[in-house]
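Structures incoming, each one as structure tokens.
The following pair of complexes shares a single chain, subunit A, combined with subunit B in the former and subunit C in the latter.
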Partner chain A sequence: MHNASKHLLFILAPLVVVFALLPGVYQNHLLLFNFVIFLILAQGVNIIYGFTGYLPFGYVGFFGAGAYGFAIMVMHLQTPAPLAVLVGGLVAVALGLLLTPLLRLSGAYFAIANLAASLAVLHFVANPALEGITKGPYGVSLTGTFNPTHAYYAAVIVMALTVGAVIYLKNSPFGLALQAVREDAVSASMAGVNIVKMRVIAWLASALVAGLAGGIYAWYVSVFYPDNVFSGEFSIFAIVFALFGGVATITGPIVGVLILYGIYNLIGFTTPQYFQLIYGLLIMGLVLFLPAGLVSLATRRGWHVP
Partner chain B sequence: MTYALVAGVLFGLYFSLVGIGLNLVFGVMRIVNLAHGDILMLGAFIALGVVGIAGIDPLFAVPLAFVVFVLAGVLLYWVLVPRLQGSANPEMLSIILFFGLSQVIEAVTTIFAGTSERSIQSRLLGTVFTTIKVKWFGGKAGGAGPIQIFGQGFPAPWVIAAITSLIAIGFVYLYLYHTRLGTLTRAVMSRRDEALATGIDVDRVSAAAFGIGLGIAAVAGVFAPFMFGSVTPAFGADATVTSFAIVVLGSLGNPLGTALGGVVYGLCYMLVQTYLSSWADLLPYVLLIVILLLRPSGLLGRRVRVA
Partner chain C sequence: MSPEQNSILKVSKLVKRFGGFHALDGLSFHVVPGEILGLVGPNGSGKTTAINVISGLYAPDGGEVVFDGASSGGVASHKLVHRGINRTFQVPKPFLSLTVRENIQVALAYGGATGTPPSIAELLEEYRLKEVADRPAADLNSAQQKMLDLTRALATRPRLLLLDELAAGLNPAELDWIAGRIKALAATGMAIIVVEHLMGFIEQITDRVIVLNAGKEIFEGTLATAVREPQVIEVFLGGEHAH
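Showing the complex of A and B:
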């Protein structure tokens, strides 16, 4: 059997089935929803960081842009929610296009500029001077479209698409070319890879999934403030989850989300500062001892991990 | 207008102090110290401790914070950095590593100090000067009032912070250009591998730079309660981004450029706050992005070859 279809059958299909059926068995739907959202974001980070090496430290900018794209469509144009989610994704892509010049920066410069960009978008949206459009810092209330069940299934669909995109990257010449660019841009371009086009496509793809996730998040929670949807925690969590499992793999980010976000929910809510301590130590230990993520435990033994 | 300009310069000098340690660390080690703001926060807590326990002028916290964090920095360097430099992509991983460190610092501070906002009465700062004045020249004892510059009154802590910043920047200059270790440091900054090849003990130089960078950050932190009103354990993250804006503005890897970057930043900040206050929050980020895109090497940067 072909590799890609094997991945679709044994990774994507069980994941989707499990998350589609769980709400019937398990009562805490908000928790399940958050798991799906973080799976999307972690895989989105995987697309841009794992395959191109750009660390999106302000990844939440796309998420928040998607949420506000959704909110503005619903508030001002009374669009139906699914359409507004799509618009949220497009808003994030537009923001991604606006930020493409950042791809000229390398290494830490890109990460810092991206962080600054996300904060700039936050302060732009939260500006009291724009209250007529975004409601400024006072938050958005979208009770008209509130429908957590539909929003949850929409999130599962977007998660399936995102994981599908990563499976495609893992098994296609395009993904291989991206990884070649990441390892050595000069050699890759000598081999006939169009570096700029490749990077921009990966960048916009990861912006799109984050924007869709943001739109669905807005749909699900229906009441939020700029500080909620632009919270730096989304970027950080997504990056750490992806890295913890191992980037540039399909399973790595999934494992990372399930383990770390699981721990977070076990101890994080009751004693946040102890969680923060454990989390910080975990991150440091990860970077110092397992820089390639959990999956490297298996790959070191010569097992192949998809 | 005069008020905004002078306040801008005063704040700018202080901002240079905030950024210079970060720049030293990045310039020498190519490591992004995301925990920089948290070191600032810890410096502020040292000042709180000095006032709370000993009840003396917070200025005494300056040498204490510096010494403590130079030692802590050297120690931390040996624990973290050599292992990090051995990995595949140290620059990227350093961001995540130091993010983890900042989480640990923030969590530990929260566990011990709680999340409430802390501040110090601003008249406590500089009491050592008034005491000396009273002892030597007679006159009335009491807190320092506003200081007059160009006919406008400015809070005394701003002026004291700005003067301390100037002195600290002067010391950094002396260290880099007039000591042997400083010369070696600059050698490592410009070409790490060649410095290694000529037999410079890169690790020792880097450890010193890391210690000094953290020490200066802690000194800047001592003044944070006065410049920003109050501090919380979560204050670190914002301070880090601001420091980055300043450092990049000046040019990464050139500590003296940071002084210029800080002043430019302070001026812009005060002017925008005076005339367009609701957009002032946006400024550091937009400035940072524009500078990165137009002149990635900063205002004073040399052209670097990007292979």
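Showing the complex of A and C:
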């Protein structure tokens, strides 16, 4: 069987089936929803960081932009929720286009500039002068579209598309070329790769998935403030989950989310007083002993990890 | 010697500055299809810079580069690759975390090779990379990394190939072998510019040499005549000894 079909059948299909069925047997739907959202975001980080090497410290900017894109469409144009989600994705892509000059930076400079950009977007949206459009710092309430069940399944669909995109990257010359650009941009151009175009495409794709996730999040929670949907925790968690599992793989970010977000909720429920401590130690241990993520335990032994 | 009108590459009065420093200071030369042209000169004379400008890494600050009848100075590298220029690097630059095979696959998929693309199996075989084909490029020794650089370039079917110190660090047996390979490539009509310090190697494979000093050509002709030229001797002995 072709590799891509294997990946679709043995990674994507089970993931979608499990998350489509879980709400029927597990009561904490918000938790399930958050898992799906982080699966999307961690794979979005994977697309831009794993395949091109840009660490998006301000990744939440796209998420928040998507949430507000959704909210504005619903509040002002009474757009149906699914369409508003798409607009949320497009708003994030537009923001991504605006930020393409950042791609000239590299390493920590890119990460910091991206963080600053996400803060700028937050303050722009939360500006009281824009109250008429965004409701400024006072937050939005979208009771008209409130439908957590539909929002949840929309999230599962976007997760499926995002994982599908990563499967494509992992199995196509396009994904290979992206990795070549990450490894050595000069050599990549001598292989005939248009490096600027490749970087922009990966950047906009990762913006799109975060924007769609943000729109769906807005749909699901229906009441939120700028600080909620632009919270730096989204960026940090998505990055940590992706790195913990191992980027530039299909399974790494999935494993990262399932394990780390699982543990996060477990300690949060059972021993909240030690929560920060345990979680902090875990992440430090990861950085020190497994810088290439959990999957490197296998790849070091010469096993191939999809 | 073939007439200049047939040249596939013509460089005229090329200037490249870094700050106030002129790394290329009015360099002119040409190369014709099937020819192996040696580019020699002391360290820092601008050989690598010339290759970088011709391959689109740097835009020239003056002068002209004409490839295949069309101006090519300042054109993006990937476009020049599609037009038929490729190169190797003095310090090889493979995609380290990708396998050897994947390194070549990128160039096969994106190199825009005209006609039938070369076969990956043949490239691996011919450049002695078959055994390491599925290992990450980071595992290769430096000679193998140079061969990988070369196969990546060849996968794009170049008509002009620029080799920047490809032979440095190879042992005598490998030198003979790669000399044969380069000659075979030229025999297919490929124009090849070879930058090298090893004069024996240059003598063995080149039809003609350009001697570079301080960003300008000071001699053009066969190596045998070059070594009798007082100005050339002065540049090499006054600066650094040729090996």
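Observations, loosely collected:
Keep in mind that, in the parts below, the second predicted complex is superposed on the first by the 301 of 306 C-alpha atoms of A that agree within 3 Å, B and C clash if a C-alpha of one lies under 4 Å from a C-alpha of the other, contacts with A are read in each partner's own complex, and residues count from 1 in each chain.
The rule is simple: contacts are C-beta pairs under 8 Å (C-beta built on N, C-alpha and C of every residue); 3 or more make two chains touch, one makes a residue touch a chain.
Everything numeric here is computed off the predicted structure, so don't read it as measured data.
Look at A:111: by the touch rule set out above, it reaches subunit B but stays clear of subunit C.
In the superposed model, more residues of subunit A are touched by B than by the other of subunit B and subunit C. With both structures placed on the common chain, the touch criterion links A:101 to subunit B but leaves subunit C unconnected. Of the two partner chains placed by the overlay, subunit B and subunit C both lie in contact with A:186. By the touch criterion stated above, A:194 is placed in contact with subunit C alone, subunit B being left untouched.
Within the superposed three-chain model, A:276 lies in touch with subunit B and out of touch with subunit C [touch as defined at top]. Judged by the touch definition given at the top, the superposed model places A:176 against subunit C, while subunit B stays out of reach. Residues 186 of subunit A contact both subunit B in one complex and subunit C in the other. The touching residues of subunit C, counted against subunit A in their complex, run 55-57, 76-78, 81-82, 86-87, 89, 93-98, 102-103, 105-107, 109-112, 149, 152-153, 155-156. Across the complex, subunit A meets subunit B through its residues 53, 55, 57, 101-102, 104-109, 111-113, 115-117, 119-120, 123-124, 127-129, 186, 232, 236, 239-240, 243, 273-274, 276-277, 279-284, 286-288, 291-292.
Of all residues in subunit B, only 26, 30, 32, 80, 83-84, 87-89, 91-97, 99-108, 110-111, 237, 241, 244-245, 248, 252, 278-279, 281-282, 284-286, 288-289, 292-293, 296, 306-307 touch subunit A in the complex they form.
Interface of subunit A with subunit C (complex): residues 173, 176-177, 179-180, 183-184, 186-195, 248.
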